[in-house]
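Both complexes below contain chain A, partnered by chain B and then by chain C.
And then the complex of A and B:
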């Protein structure tokens, strides 16, 4: 097997980079936004004093965490249209990735919230801060700061799991690699490039996270 | 100023407000599991009176402050603050357990300074002081900032308004915490071992600020401290606690130089020897 530079640089790389930006990266960014926002909402609902809210939230989190992402993606893709909800495959992919990772980030938020010293809660109570201000100004800024590295690591994991979108017909970079690889029978080039692109994106991100961890004193 | 109640610090009938008192404990019981921390405790504090609570650790002093600040729940009895029940609210002439809304209305009557400062580390000093007046009391931002600056000047920190708490010494942080409590314009200031976490050389600056406040304002003070000299300087009355009950009380000159109870004598001996 010989490495074909011309094919690698002039055919595979441009197509794959395009798919990387338009699908892999975009899905990671949008999925992360869903995971970060929904995860926080889940974490807060789970803390609710009303059991009718906290219990089902807990069950939902456990259920999603203990089933595979692939099954969830297929379920959404194949079942949603049956109940009359038709969405583009890419949108379903974002929802699937986002919800799946939200159940993980909700646990991270929970740990962050639990990690805010008791004295901070007591000071907020003593100053009679309304609940919204207590959370928005005192508890969450400290909780999120403490768990930023952990949240960042989930973004990196999600990034590496975007190829699952292939199962629901979203052609990400890995799917493109397979396609142009099989057309030209040059898998070595396409999958090597796919690996390198993932590495080039996630390694700096991981280093950045580690730096952040050190800066935050973990 | 010093009140001399008749029996066990209690002069008013059960379950009634005492309009001339700022704080009134009426058969207050506090338990942590099986451990009874306060057993049917009665005492009163007059407006503008400064009371220091002394006693061994675990005697319930801090619990009294925490019950007043609503950081701990009362198990039995009544607490009256400024003529109103703290843990109960009037519902058709009957006192029922207070809800959160009622507690939020009562809390601004009190300001608390904690042993560990508990400043908000994510906010600058000025914001620490203005946050609650703006969002708890509904003060305008301009007014809160102006008042905040005045109070920070009072505690000698006008040059630190834009610093973060982590950039300050322990003594400075505790002075910010005092300013934060005062910014709410409370009627009662609760001081919970406010110098215990400080390096010895930083204690004086905090106590001096508190002395100033005690001598120049009309605020009622309940103070838990092991600084006996400070207690002597600011208190109208000292109450000695043991096992959740008042062993004896009286003006500081009397308690510190001529205590009657053996428990007080041994406690004071131990505290003074430790210094």
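And then the complex of A and C:
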């Protein structure tokens, strides 16, 4: 038997769970916050009537979305110090994840906003609500509610892409798995555990999103 | 700017070598993932609970564990179990399994989207199960699968960058090699991003051409919309 239970349960698992909580989950949470906020901003800029704003926003979204996250992370990690911005690798990772997924969430928000019935817009106009109140109290609450499952699914996707941060020296769970696996060639244990931890976290979340979709009547 | 261009010229041999590997992985990975998509997508529609269960487990497993973990597992762990794959095979298999799992949902969705009347018609014509699928259901279903498959193709193209982490000399790997050789960080990574962007646009255009042709082949009207890459979109709920 090549599987070493003692190593797997007493050495690998505790260290990997520690990195999972401190790095993988934290990066997912912080990255999601950036993606949710920036995505909404991008969606609104994309809708701007001023073409000088909406066009470049559209190009930016398209460019970021069709290039690999891994290369974007390396770009930020290696190019930012060149222009005088030095940030910790973890922070750069959050920015990379957040910006990459913001371009996805902006499309989700856009679909949500487009899905708000015309009558709601007209009603806001009829009540002569100022733009701020129209968006804050009428359009966005309905738009976001309808796209919650799609946003949630992107959080799950991001969660599974957090290990890319190991390329920019962040010691996430998979980096730890690689390191302790290399000590005495116990990769089988460490990477199997890493996969199972990802599955144990993302599967229930995905089921939850499917339930939410059904509840919202999609 | 001219400085950038001349340095970009220096980087071109690196980029060219890398693009070949990236395209090779994209095409082989996509081919494998389409095969896996159809196998598990059709299994998901089986009448047998057991077959559906196997398909479900496969799909959830490969969607739920990260692509990078799968690649590392095949590259680092599998040899310890006595199975040594060449690196390109490792990359292709990981990409094929992961995106095949997502793609099987595309196949399932595409077939489910065929109106009931079409199924009833095949029964009325006394067609067998294989004949029904081959001659009536799949030709129509495949047309609807092309746009989502196109989105996944772009995702797969981006996913190939991960093979640089298992030492395959793809575009990302060669970009780093160029940077290490010359110290031209900005040129290296800006160039790589632009090349990935162009590749993505080319694939998007090819897929929309394929969509037009396949629509025409079953007599569906062609949509009057701008042909091309700008505007492909990933359906939100397909993401996870």
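Keep in mind that, in the parts below, the second predicted complex is superposed on the first by the 217 of 218 C-alpha atoms of A that agree within 3 Å, B and C clash if a C-alpha of one lies under 4 Å from a C-alpha of the other, contacts with A are read in each partner's own complex, and residues count from 1 in each chain.
Heads up, the rule we're going with is that a contact is a pair of C-beta atoms (placed from the backbone, for glycine too) under 8 Å apart; a residue touches a chain by one contact, two chains touch by 3 or more.
Nothing here was measured: the structure is a model prediction, and the numbers come from that model.
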First (chain B), second (chain C), both or neither touched by A:206: second
Between chain B (first) and chain C (second), which does A:37 come into contact with in this model arrangement: first, second, both, or neither? neither
Taking the superposition as given, does A:123 touch the first partner, chain B, the second, chain C, both, or neither? first
Residues of chain A touched: more by chain B or chain C? C
Residue numbers of chain B touching chain A in their complex, please. 69-71, 104, 107-108, 110-112, 114, 116-123, 131-132, 135-136, 180-181, 184
Applying the document's contact rule, which stretches of chain A touch chain B when the two form their complex? 117, 119-120, 122-123, 125-130, 133, 137-138, 141-142, 145
Residues of chain C defined as touching chain A within the complex: 60-61, 63-70, 72-73, 76-77, 80-81, 154, 157-162, 164-165, 172, 175-176, 179, 185-186, 189-190, 192-193, 196-197, 200-201, 204, 229-230, 233-234, 236-240
Can you list the residues on chain A that touch chain C in the complex? 2, 62-63, 65-72, 74-75, 78-79, 82, 104, 107-108, 111, 147, 149-154, 156-157, 160-161, 163-164, 166-167, 174, 177-178, 181, 185-188, 190-192, 194-196, 198-199, 202-203, 205-206, 209, 213, 218
